[in-house]
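In order of appearance the chains are A, B, C and D, and numbering begins at 1 in each one.
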Amino acid sequence: MNVLGIIFSYAEQDSLRELTRHRTLASLPMAGRYRMIDFPLSNFVNDGITDVSVIALKNFHSLMDHLGAGREWDLIRKRGGLRVLPPFSMTESDRDKLYRGSIDALAGNMHSIRRTLAEYVIMTGSNIIYSMDFKTLLEQHIESGADITAVYTKDLNGHPTVPSGAMILHFNEEGRFQELYVNKENINQPGTAWSTGVFVIKKSLLETLVADAMALGKYHFHEDILRRLSKVLNIRGYEYKGFLLEVSNVTGYMQANMNFLSSGFREAAFQRPIYTKSKDSVPARYFDGCKVSNSIISDGCRIEGTVENSLISRGVRIGKGAVVRNSVVMQNTEIMRGVHLDHVILDKDVIVRENRRLTGHITYPVVIEKGSII
Amino acid sequence: MNVLGIIFSYAEQDSLRELTRHRTLASLPMAGRYRMIDFPLSNFVNDGITDVSVIALKNFHSLMDHLGAGREWDLIRKRGGLRVLPPFSMTESDRDKLYRGSIDALAGNMHSIRRTLAEYVIMTGSNIIYSMDFKTLLEQHIESGADITAVYTKDLNGHPTVPSGAMILHFNEEGRFQELYVNKENINQPGTAWSTGVFVIKKSLLETLVADAMALGKYHFHEDILRRLSKVLNIRGYEYKGFLLEVSNVTGYMQANMNFLSSGFREAAFQRPIYTKSKDSVPARYFDGCKVSNSIISDGCRIEGTVENSLISRGVRIGKGAVVRNSVVMQNTEIMRGVHLDHVILDKDVIVRENRRLTGHITYPVVIEKGSII
Amino acid sequence: MRHRQKKEMIAMLLAGGQGSRLGVLTNDVAKPAVPFGGKYRIIDFPLSNCVNSGIDTIGVLTQYRPLELNAYIGSGQPWDLDRLYGGAFILPPYQSFQGGEWYKGTANAIYQNLEFIDMYSPEYVLILSGDHVYKMNYNQMLDYHKGKNASCTLAVIQVPWEETDRFGVMNTDEEMRVYEFQEKPKEAKSNLASMGVYIFTWEKLKHYLIQDELNKESANDFGKNLIPDMLVNDEPLFAYEFKGYWKDVGTIQALWESNMDVLDPLIPLELDDPPWRIYTRSSNLPPQFVAEHATISNSSIADGCFIDGTIENSILFPGVTVEMGAVVSNSILMPNVTVEKDAIVEYAIIARGAQIGQSSQIGQWKRVEKEGMHRDISVVGEDITVAARSVVPAGTVVSADIEEVSV
Amino acid sequence: MRHRQKKEMIAMLLAGGQGSRLGVLTNDVAKPAVPFGGKYRIIDFPLSNCVNSGIDTIGVLTQYRPLELNAYIGSGQPWDLDRLYGGAFILPPYQSFQGGEWYKGTANAIYQNLEFIDMYSPEYVLILSGDHVYKMNYNQMLDYHKGKNASCTLAVIQVPWEETDRFGVMNTDEEMRVYEFQEKPKEAKSNLASMGVYIFTWEKLKHYLIQDELNKESANDFGKNLIPDMLVNDEPLFAYEFKGYWKDVGTIQALWESNMDVLDPLIPLELDDPPWRIYTRSSNLPPQFVAEHATISNSSIADGCFIDGTIENSILFPGVTVEMGAVVSNSILMPNVTVEKDAIVEYAIIARGAQIGQSSQIGQWKRVEKEGMHRDISVVGEDITVAARSVVPAGTVVSADIEEVSV
């Protein structure tokens, strides 16, 4: 497809606590063997969009590590392929500024965006897990004659309310976008259209709009392009009807993981391949006396204890007599004999010593920071 | 070889004016089709060192563009390979600081350096063009029992003096390093040992020394490790006897380029392959009426005019009647009919309109910034 | 096990040809690996056309000296064909449970690789040969194929009527449907020659390949057997007219001419065409150096050359050296050729690594009659050494070293 | 043209074997492509050994159904063999100017690729086969070869004296110099068996290959001809004793046993060995899901599996499904096998994609006499469907679908 994919690798704000202290949102582990960015990135690749720019802001070492040259996504290419775009600055004083908003981030990377040959741009965040048919989306964008197509969903997708901070979109009866506001009221009535943060736009128009907004000191795509230009531009909506998980806080993160324990959800999420970094680890080993149920186990794990309703990432060791329930355990963490965990998120490279007990609650899981020894 | 190569992609200070305004030193074009970093990087690859980290500081977009995934250097590898390391920070306030010295830069990337499996580290800057036998260097380092081996040269290599700002090294009669000072006096007596900025050290020792220095607020490798620890550590020298060009100001840049017009120098410089980004351009086209002598011409050029004693990068067009003498012309620049250039450095994507004349002097070449239209 | 993605169209490139009419130039390499146009090889054209048309899965069928071609294509990276799913594959003959056999004809070569094609479950298969220089968008041809609802679409090009007896000629109705195929006809009814580029609907092709294989008398050739069979069965075959540069480089004269076409701005074979780049495996040599005594006009010179002589209307591949006083005109110097001091090379093709000795003359020609008469091309084979002061008359093929004559 | 780097040692892997003793498991693939150890294929072992030993140029010689192996190795990327200079090359037989022929024996296969080897001007050539599972540092063996100043070094391993008649046995002096080679001797003088791993000084090997080719009566085999010829000529041949796990997986029983060895902590074949990783082409499947009713003990389970039954002492390759109530014990389930509800699979190898119907029994066995007696392994072939309630007795090979019996 004649499309440049743009992925914002960071959230402008999130409440992910320790989970995003050392890493950008895009490289947050998910569902055992994946990182958040694998979902939008695989979506692009599955729809034949092989020219993808990832806008990075800070703490993107783990992201670069994960993506490498893009081999696993088949994105090492002479034409297009994967590019990670770190912040750029011309002078030393500019360099100190963080992006003031998504428009600023686009402007800061326009030198690279401009050079690609694609005619259209599809933008997405890395805070959402979904499987969207970008081909149909683009077709509809072209057919409708829209300047911008904003993808929304009306489904709460298991979220109790529209995620707080999400943008609620209003369209008129002809389907033209009118107005938006930030969800602060925890709306849960069905039929509310909220923005997925996925947009389609002609690249040339994006270039113009970004340049204009920057000249006016306007930095936020939703407010300063969608809302401000709703009268001038033909902005239309596209309703996405598939599954969608939104991750912006620890509870949401836990819930998103837990969704993968439902077989219906797994079927939908893995209907098309989700690519991720290959680790060359051995298959999971189960030893005598282990007891595992309703759990995702990744390769390289060694399981001697009990695992229930949990998601275990690659290379995790769970000792004899240990019990892991309702928890998310990230890569290479070691859980020694006799440990009891319930509603816990263990980050990478954690060691939990013999017989420790940690108990959180579904609405407030315990989070153990990367590399901790408990 | 069991070595991690580290390349500093930037100069702590340089006088390269417009040439490094938009790019880091490592991506400065050199000798028609190369960038500065191609020389140290190819040197590593030619000696079988395939685990290479490039420490980036700012304006490294052009560097990332040039290196891509490392394909042309055969450095897309599962084990080792090429890594570009942008500045990392844990908190937003730290992020604003530039590295305070090479030790700070190493400390800021220690998470990545520590992870590699190599036993030794060879460090180099990207301000020098050379072809060094790293295998022999490492062997000597191991045999001598040195903690650190500092590579120096006694040859002025065509420079009128030891480059100003270079470190002069003193060794005692047993070859142990004693003292160093910064060359401010434009020394030109033969036999002066000056540092090439290439060092060999065990990785574990480097980790310790960097951590110690950081704890003491010491940031400069030459002063704060070599000089400060000259009594404690066994620091030895290794004399490099091949060619070496040092680029730290515009005149030096011009001279380094001009060196490539000497056939003896070219033979030495290209004895082993120098890898660079492939551009898929067509061979150079010479038209009726062109006149070229003593010049380097790169592929994709279209020559209708006169070129003498010059270095012409890829994709340059030189119109009928134009005369280019003693000049360096970078990629995709267009020189229209009737232009006269003498002692000029034209950066990338410049357009020089019909019949313009630009004349510099060997000691102060005219520099035309990237993308200018003259 | 692996998620295998279905491909709409894959290409099968028949690279088997030994190209015996290219003589010494194909002693060591298959014809598609012959150098062309200053830095390319003939096979770069169909490969680049595929990639530029969005086709990323290509089987290269070969049984003649595949080593060079195998090493040349390697991982496919220079053409962006190092794909995780798909890419470029060298497909030699192999032994199966029932034994093995060499490729008998073009159709049999495809037949032996049915399993390869089926791995990608394509809807369409593009058949190419590795003998032609041209730039063509196969995707447009596919759109045409779909629009016509054809079983097979054959690319054709108008050739001069007087040359129709050298080609397979398509006779079509006004809708471009093919009703007759004449192989090298004495009396052609049309001047639309087959370019050897076919798109088949895979299901149809598979059917006819299997039928053809059952017929023990068949030569298992597309032109002689398969296409005629389809016509007999009234399959919808359509001709797709290509308007552009297309040249079979199967003879020394044609190879020389088409190289010279690169230097002719009036001939529509522009290689410097960013949206339709021709990709090739690069040589990784230093840039070329033009020394003090060089004089160059209307020529194409590649990386790694050292020029101190006179070059006119010539194409120099990477790593060529032309010393002071030497004159090279109207010639093609393949990689790493050396032309020593004061040697003269005219109307010649000098193969890779040949060494032309001091003051020798290649393509020597007595300017007897009127100017502009046809001049035969001389050829010097790979790695041949021509001793100093040797004289090689125009039209000679040098396939062994020429020793120094003691005077 | 390209700067070609000299390689100290390159490897030639003889992957030609059809492995007929593996029966239905090698109908569609060459033996080296047979799955092993939960996610690997046999060829991953020599390939990973090469890469871990710093050998980055490997010719894979094959003429039997190379398609699967060709697609499997692809660009070589999973083994870090997608090198610009060197890498992994599939080398099939080919036709040259003088015609072509199939590989006659192991030595002839190498002989036909002299030109390939010479491209890299190696000093040493490592000859490997694709039939064994082992982890070995060939670089240490090379040091030994150099230290002994040998023409050829043969890796050997001690085998039980009672099995010496199954191997090629090396008789050596106290310096480990080989003075005699006995092929499958009835009365062995030594229990050092050849592992089929040779390092040759290239110059010597080339000489003997050319000699061997001239001898019309030779079977062109390393063990039968080339090594004995070298002994006759008093070449310095040395044995290099390997002490570690090494197993020929050439029979169903051996394949089953060596897979089971992966589960035995006492057997030194640790696959989870970061400094000596075994690389393989990954399947890119979701992580495995262990459901409500699963019970698992002492087993290895790969990505993409769905387990709701009981798994004991078994190895499950990627994408296997075991439904509720099903029991899998002491078995190897290759990729994408499905074991339906309440089926029982014991002491069996189930090939890729097979479907074991509900309540059927594979490896059914009457526990007649004493415990621990030898139990024959059952095999179900690729993509075979075994209908519900079928009973397959122990030791049976199922090579066609078993239809439902109407009751």
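By definition in this document, contacts are C-beta pairs under 8 Å (C-beta built on N, C-alpha and C of every residue); 3 or more make two chains touch, one makes a residue touch a chain.
Note that the coordinates shown come from a computational prediction; the quantities given were computed from them, not determined experimentally.
Distance from the centre of chain D peaks at B, each centre being the average of the chain's Cα atoms. For chain pairs B-D and B-C, the one joined by more C-beta pairs in contact is B-C.
Mean C-alpha positions place chain A and chain C at a centre distance of 48 Å. With centres defined as mean CA coordinates, chain D is found 40 Å away from chain C.
Residues of chain D in contact with two or more other chains: 3, 77, 82, 279, 284. Chain contacts: chain B has residues 71-72, 76, 78, 273, 280 touching two or more partner chains. Chain D contributes residues 38-39, 77-78, 271-272, 277, 279-280, 282, 284, 286-303, 311, 315-316 to its touches with chain A in the complex. Those residues of chain C whose C-beta lies close enough to touch chain D in the complex are 1-3, 18, 27, 62-67, 70-71, 74-77, 82, 87, 89-97, 100, 102, 113, 115-116, 119, 281, 283-285, 318-319, 335-336, 352. Residues 21-22, 58-61, 64, 68-71, 76, 78, 83-86, 88-90, 92, 95-96, 98, 111-112, 280 of chain B are the ones that touch chain A when the two sit in their complex. Chain A contributes residues 31-33, 71-72, 261, 263, 266, 269-270, 273-276, 278, 280-300, 307 to its touches with chain D in the complex.
Those residues of chain C lying in contact with chain A across their complex are 3, 77, 80, 82-85, 275, 279.
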